[in-house]
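The chains carry the letters A, B, C, D, E and F, assigned in the order they are written, with residues numbered from 1 in each.
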């Protein structure tokens, strides 16, 4: 096994009702300091974490959704979002935040971090990991 | 004599909203709060189940929770009415009892 | 109207304690009485004074303690649920031979009878949980 | 309003995976000391709380199911169990514990506490309460 | 290369078991634990969904959790194999990774 | 084989800490290594030494502390999750100006890096939660 492991963070829960989404993000931020191959999966209610226009003023809880946009700076650039999960919730990619990163291998071109994938491809991504952390 | 039912979990994750709707009686009210507000979205895998009961029931959603989750008003079902925390209190006092579908 | 409130999930982990807080503030502002809030299940964890949330986050325990002080709300923590989860006041800690206690000001530990009594004495009961 | 209120304890969760069923029972036991009109509702996964033959030796957790049989002595005698919830789970009343009480108004005749009711009747029972406690 | 999936919630309460089954690949194993063991019952509203995948997947259930919940072995689906905690450990080590459907 | 374990729900409230305990005992008995158990989310609540469960119930914290002492398992409590929920060791309590601490013997508070490190250094990682 190489020194680099593939880590997948699986996000299947909605934000704010419970703390899992926020504390998952805290792991991703810390984990970025380690030199591993990191991917994020958003499926089931996890896709709701990425909606744009979140405004938590009325519930008195911190809005952590902008942090997703900062992850590119930490070389966390693979956000796999399941197409079927979006569709069941009446969402499309246009309802999600724009999240980008600068590709150092391509003259720092700005590229989208979100990759909408079908359920079969999501299953294949999951099966390709060394470590799967579920939140 | 009518009941205010509260539902606080996503209808895509748990069966709580469905069980609530199955046990409401005509004239009751359902208030979606916290992650329950996703039940107010139109055009989803569960929105028909909500609309089907909207004639007999009054369906409300807690607007601060809707806003927190970034759900535009235009995407909410027509059968759902938004309320704030004051409205939540009014719903509690104007119904004979509150039943939480935890 | 008299409204009783039950909180049955822990702070930060679940939104219940936040939603209940906004609900109670609104109820009081509208002139209703909230004589008691009863903390059950993991809700007892709201009462710890040792919580240190990030500085840009709300402080759930302090919010409740302040509300109780201002409006005379009786914040009751279920003793059975609290003992299981390691929430003790000074008396309990001494009685049980524990070397520390962690209940915040404004909260008091008592029995489940206080929940039933609240159900009897209030006009409405609202539960916030998971 | 009379001095006696109608209390309904609603049990919708399975035992052991989470503590709700046990801590619900603790409330019922304490509540029995108050002179109120008490009913218990078991629906959805709550019906699993009443299965017979529970043996928790292997998971190292206390088996609290015998306590249900003691409730008759505390005049907690109305256990409403939803028929549809049983059926969806492949259960019948025969899979549940026998729970009885002695009817003081009928020469202490032993009577079943469990009353299997349809969903509509369960909804009517819920609508007939003063206080509904959900666990 | 195969995965051990664990499911610990009742399939009658949440959609976790279904989501797990939807994302398993042929040759994977599913282990039902805690309240997840109700997914092993035969003749229920969800048992067909389990049986449908039983050819491609190995389905296990944690016996101590089954016994705690009073489910007689005769009521469990034929496609499900019981294991104890030692068997759980063996399943973890004999698959390349474990994915918990929390 | 080296197996890492994560526990993400609180004791008694959820079966996760019990299931993980039986799993780890079996793994150790079978000759595997369990170098570390990481407590995250409400799992940090397992580490309080103030818990007083009923006498006829298992003592989840003591079971873990004993297992750690016997087999050298490193019980790590996430500091960020612990601070939010009011779990402090002596150092943290002093540093934060709190008048009490509540972490039990055998548990240590550290950062999330310990979770990632465990993922890197073990052959398998198993999560127990809700």
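Everything below uses one rule, namely that contacts are C-beta pairs under 8 Å (C-beta built on N, C-alpha and C of every residue); 3 or more make two chains touch, one makes a residue touch a chain.
These numbers come from a predicted model, not from an experiment.
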- prompt: Can you list every chain in contact with both chain A and chain B?
  reply: C, E
Distance in touch steps, counted as few as possible, from chain C out to chain D: 1
- line: At the largest C-alpha centroid distance from chain C we find chain E
Query: Which chain's mean C-alpha position is the greatest distance from chain F's?
result: B
- request: Report, in whole Å, the distance between the mean C-alpha point of chain B and the mean C-alpha point of chain C.
  value: 26
Query: In whole angstrom, what separates the CA-based centres of chain D and chain E?
result: 29
- prompt: Cα centroid separation between chain A and chain D, in whole Å?
  reply: 43
Query: Could you say which residues in chain F touch two or more other chains, in rising order?
result: 12-13, 15, 19, 22, 41, 54, 57, 80, 125, 127, 129-130
- line: Going by residue number, chain A touches two or more other chains at 16-19, 44, 59, 61, 130-132, 134
Message: Going by the contact rule already set, what residues in chain E reach two or more other chains?
response: 8-9, 12-13, 15, 34-35, 64-65, 84, 97-98, 100, 102
Touching chain combinations (by label order): A-B, A-C, A-E, A-F, B-C, B-D, B-E, C-D, C-F, D-E, D-F, E-F
Message: Under the definition above, what is the set of chain D residues touching chain B in their complex?
response: 10, 12, 43-44, 119, 122-124, 126-127, 129-132, 134-135
Chain F to chain E touching residues, read off their complex: 1, 3, 8, 15-16, 19, 22-23, 25-27, 29-30, 32, 123-130
Field: Touch list for chain F against partner chain C, complex
entry: 10-13, 41-42, 45, 48-54, 57, 61, 80, 83-88, 93, 96, 98, 100-102
- request: Quick one: which bits of chain B touch chain E in the complex? Just the residue numbers, please.
  value: 12-15
- line: chain B contacts chain D in the complex at 1-3, 15, 19, 22-25, 28, 97-102
